[in-house]
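One structure, as structure tokens, below. Some questions next.
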Amino acid sequence: MDPATWIAIISIVTAGLTIAIGSIGPAFAEGRAASQALQAIAQQPDASDTITRTLFVSLAMIESTAIYCFVVSMILIFANPFIDLVTQTAGG
Amino acid sequence: MDPATWIAIISIVTAGLTIAIGSIGPAFAEGRAASQALQAIAQQPDASDTITRTLFVSLAMIESTAIYCFVVSMILIFANPFIDLVTQTAGG
Amino acid sequence: MDPATWIAIISIVTAGLTIAIGSIGPAFAEGRAASQALQAIAQQPDASDTITRTLFVSLAMIESTAIYCFVVSMILIFANPFIDLVTQTAGG
Amino acid sequence: MDPATWIAIISIVTAGLTIAIGSIGPAFAEGRAASQALQAIAQQPDASDTITRTLFVSLAMIESTAIYCFVVSMILIFANPFIDLVTQTAGG
Amino acid sequence: MDPATWIAIISIVTAGLTIAIGSIGPAFAEGRAASQALQAIAQQPDASDTITRTLFVSLAMIESTAIYCFVVSMILIFANPFIDLVTQTAGG
Amino acid sequence: MDPATWIAIISIVTAGLTIAIGSIGPAFAEGRAASQALQAIAQQPDASDTITRTLFVSLAMIESTAIYCFVVSMILIFANPFIDLVTQTAGG
Amino acid sequence: MDPATWIAIISIVTAGLTIAIGSIGPAFAEGRAASQALQAIAQQPDASDTITRTLFVSLAMIESTAIYCFVVSMILIFANPFIDLVTQTAGG
Amino acid sequence: MDPATWIAIISIVTAGLTIAIGSIGPAFAEGRAASQALQAIAQQPDASDTITRTLFVSLAMIESTAIYCFVVSMILIFANPFIDLVTQTAGG
Amino acid sequence: MDPATWIAIISIVTAGLTIAIGSIGPAFAEGRAASQALQAIAQQPDASDTITRTLFVSLAMIESTAIYCFVVSMILIFANPFIDLVTQTAGG
Amino acid sequence: MDPATWIAIISIVTAGLTIAIGSIGPAFAEGRAASQALQAIAQQPDASDTITRTLFVSLAMIESTAIYCFVVSMILIFANPFIDLVTQTAGG
Amino acid sequence: MDPATWIAIISIVTAGLTIAIGSIGPAFAEGRAASQALQAIAQQPDASDTITRTLFVSLAMIESTAIYCFVVSMILIFANPFIDLVTQTAGG
Amino acid sequence: MDPATWIAIISIVTAGLTIAIGSIGPAFAEGRAASQALQAIAQQPDASDTITRTLFVSLAMIESTAIYCFVVSMILIFANPFIDLVTQTAGG
Amino acid sequence: MDPATWIAIISIVTAGLTIAIGSIGPAFAEGRAASQALQAIAQQPDASDTITRTLFVSLAMIESTAIYCFVVSMILIFANPFIDLVTQTAGG
Amino acid sequence: MDPATWIAIISIVTAGLTIAIGSIGPAFAEGRAASQALQAIAQQPDASDTITRTLFVSLAMIESTAIYCFVVSMILIFANPFIDLVTQTAGG
């Protein structure tokens, strides 16, 4: 196979695995934080404003690691710099 | 085999694994959050509105990581940019 | 083997594994949520309506990740776009 | 080997593994839900009707993920669409 | 080797693994349910009728996933449709 | 090697692994149920009749999954239908 | 190598692994049951007769799964039916 | 394939895996810290200022390990020094 | 290599692994039973006779699974029936 | 491929894996320490100064193991001594 | 390589792994038993004689499984019966 | 490839993995010790001097195992004795 | 390569792995025993003599399994009997 | 490659892995012991002398298993007896 095909294959596999593996950690972590927030509200209903706000800030921070993975995955599929490199090399 | 076949094979495998692996984390996390919400309602029935609302926001946020995986999976099956690339290269 | 056979083989394996692996997470999560709902009813029988309703919404949301996998699995078996692609390429 | 044999082999392996792996999650989840229901009855015998009903709805929902796997497994053994495809290709 | 031998080998391996792996989940789940039922009886002897009945319904439901695996295993050994297919193909 | 040898080798390996892997789940489950029964007797000596009876029914049900594996293992060693098939094919 | 050697090699490996893997589950389970019995005696010394009797019945039942493995292991070493089969085939 | 292609392939795989694996630890850790912070607020609402501040400092420190991985991943995709090295070697 | 060498190699590996893997389960189980016995004595010093006796019967029963493995291991090293078989075949 | 390419490939893979694997431990550990610090503040608000100071010293010490990995990773990418060695050998 | 070398290599690997793997279980088990004994002494100092005696009998019994592994390991290094066998075969 | 290249490749991989794997244990252990120290301060603020001092001695001792790994890693990259050996052999 | 080199290579790998794997179990077990001893002293300072003595006997017994591994490792590096065997065979 | 290179490569890998794997167990164990010591001081400040002394003896004993690994690792890098052996064989 020609180099571009190889890079396409590898990019597909990597893009899929990156987001698949990369979603495990954040999902678990968000589930844990959300679950604890619910318990906290049940225990201290008066502090539900502080709890909800802290929860959302934390969820956003955790979500950021999932987004890193999604960004890398999208770059590999739609803006892969190595495709250009190989095309130039082949066309050079 | 020709490059398009290879890319098709890899895309099929990756699409399946991405959604399969990617559904583990969110499912567990949603189960945990939902289970805690139920416990919280049992413990503090008066706060069930706050609890339910916080639960649904959290579930939506967790579901988002599963949807990232589903999106990548659908892109690989129905809108795969590398198929065009390889077809152009072969037809060029 | 010809490309169509390869794609058929890969699709079979992927379809099976996708639904097999993809059913682990939702099953566990539903078991957890259901188990907690039962405990919650035992603890607070008066809130059984709220608990049951929240349980069913949560189960539906968790079931959705299993359905994503089932959809990908069915697409690969009965509506595989790559089969047409390869057939066209071969017939072109 | 001819393509039909390959597809037969792969289908056998996949059918077996799909139902084998796919039965782990539901079995555990049903065990957990049932075990919790028994504990709930012991704790609150008066609510045994609500508990039993919620248990059976939950078991049915969990069983559905096992049935997805069983369906895919049976399709692969007795109604495999790729066998026809390959036979047609060979006979074409 | 001829195709029938290959299919025989694969069927043997798959049949064994299917029932071996497929018995882990149900066994654990039944152990858990039974263990909890015993604890429930010890805690609430008066409800032993309800508990025993719920236990047996649950055990039957869990056993069903083991039986799915046993059915697939027996089909692969004694009623394998692919053997006929390959024999016909060879004899055609 | 001739096909009969291959089938013999595979049957040996599969028979051993089937019973080896298949004995893990039931053993654990029986240990768990028995251990809980002993705890229940210690907690509620008056209900020891009900507990013992429920224990033995449960052990029998759990043992059944081990017996499925033992049956498949014995079939593969002493009543393997594929041996006849291959012998007939070779002698045909 | 000749077929008999292959079968000998495979039988040795399988016999060893079968008993090695197959002893893990029963050993753990017996340890659990025994440990719980000791705790039960400490908690309720007056019921030590019932406890000991239930313990020994349970140990025997758990031991049975280890014995299944030992039986298969001994059959493979000292009464292997495939050795005769292969010898007859070679001598036929 | 030429060296640049190899390096491109390896860089893609490594970049994906680095961020995928590297996001598991921080995500879990942030989930744990956030979850504990919510519990702490519920337990001691008066100290919510100190708790929130300590939480954000800790999240930043944990996030730093995820950022190390993201930095390495971006370097490999967009500023890979080995690409220049190989290009020079080839052009030398 | 000649068959006898192969069988010697396989026997060595299998003998070592059998006893190595096979000692894990019993050791853990004995540790658990012994540890629980010590706790039981601390909790109920008057029943130390019953406890010690039950402990030793249980340890003997658990040790039996380790001894099965040791027996198979010694058979493979010092009384391997397949060595004779292969020697006879070679000398026949 | 020439040696420099091999070393480039290996360096890329190693650099990525080193920081990816190496970030798991510190992240978990920092999450644990931070989570405990938050609990400690909630339990003993008066000692929050001592707690915060001890926390930061500990985080710095834990972070050091992540930095060891980052240092090795950067050395491999930007200051790899083996590249010079191989270049000299080739140019010698 | 000649057979004796192969057997030497395999014996070295097996001897090392046997004692390495085989020391994990006993070590853990002894650690558990000893740790429980210390707790028991702290809880019931008057029974320290019975506890210490039961501990040492148990440690000896657990140590026996480690010694089985050590025996097999020493046999393989210093009294390997297959070395003689192969030497005789070669010299015959 | 020439020997020096091989040794360079292996050294890179080993150096990376050594520090990556070797940082997991110490990081976890330091996290555990630090987390317990914080809990101890919250529980007994008056003993914070003794606690902090014991913590730092323990952290230093745990850090030492991470430093063993870092030392080996640095030796392999910057002071590798085998590079000289191979160079001498080649130049000899 | 000549046999002595093979045996040297295998001995190095085995020696390293034996002590590396073999140190995990004892280290954990000693950590557990020591940790429990410290808790016991805190709980019952008057029995610290008995506790310390029992701890040291137990540590010595656990250390013995680590020493078995160290002995095998040293034998393989400095007193390997197979080296002589192979040298004699080669020189014979 | 010549034998010395092979032995160098293997020694590098083994040395790295030995210390990397071998540092996990001791680090965890020291973390556990230290963490328990801190809890013990918080619980019983008066016994801090006995606790600290027992802790340091235990840490030294646990550290010894890490040192075994470090010793083997250093021997393999700087005092490898097989290098001399192979050099003599080659020079003989």
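Each chain gets a letter, A, B, C, D, E, F, G, H, I, J, K, L, M and N, in the order it is written, and its residues are counted from 1.
The definition used in the following text is that contacts are C-beta pairs under 8 Å (C-beta built on N, C-alpha and C of every residue); 3 or more make two chains touch, one makes a residue touch a chain.
Labels paired with UniProt names: A, B, C, D, E, F, G, H, I, J, K, L, M, N = ATP synthase subunit c.
None of these values were measured; they are calculated from a predicted model.
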Labels of chains that are neighbours to chain B (ATP synthase subunit c) and to chain L (ATP synthase subunit c): none
Rounded Å distance between chain D (ATP synthase subunit c) and chain M (ATP synthase subunit c), as computed from the means of their C-alpha atoms: 47
Distance between chain centroids, defined by C-alpha means - chain G (ATP synthase subunit c), chain N (ATP synthase subunit c) (Å): 38
Shared-contact residues (touching 2 or more other chains) in chain D (ATP synthase subunit c): 11, 13, 15, 17, 19-21, 24-26, 28, 30-32, 35-37, 39, 41, 43, 55, 59, 66, 73
Pairwise touch network: line, ring, star, complete, or other: ring
Cyclic ordering of chains (reference chain H (ATP synthase subunit c), direction chain J (ATP synthase subunit c)): H, J, L, N, M, K, I, G, F, E, D, C, B, A
Residue ranges of chain L (ATP synthase subunit c) in contact with chain N (ATP synthase subunit c) within the complex: 3, 6-7, 10-11, 13-15, 17-22, 24-26, 28-33, 35-37, 39-41, 43-44, 46-47, 50-51, 54-55, 57-58, 61-62, 64-66, 68-69, 72-73, 75-76, 80-82, 85-86, 89
Interface residues, chain F (ATP synthase subunit c) side, partner chain G (ATP synthase subunit c) - complex: 1-2, 4-5, 8-9, 11-13, 15-17, 19-21, 23-32, 34-39, 41-43, 45, 48, 52, 55-56, 59, 63, 66, 70, 73, 77-78, 83
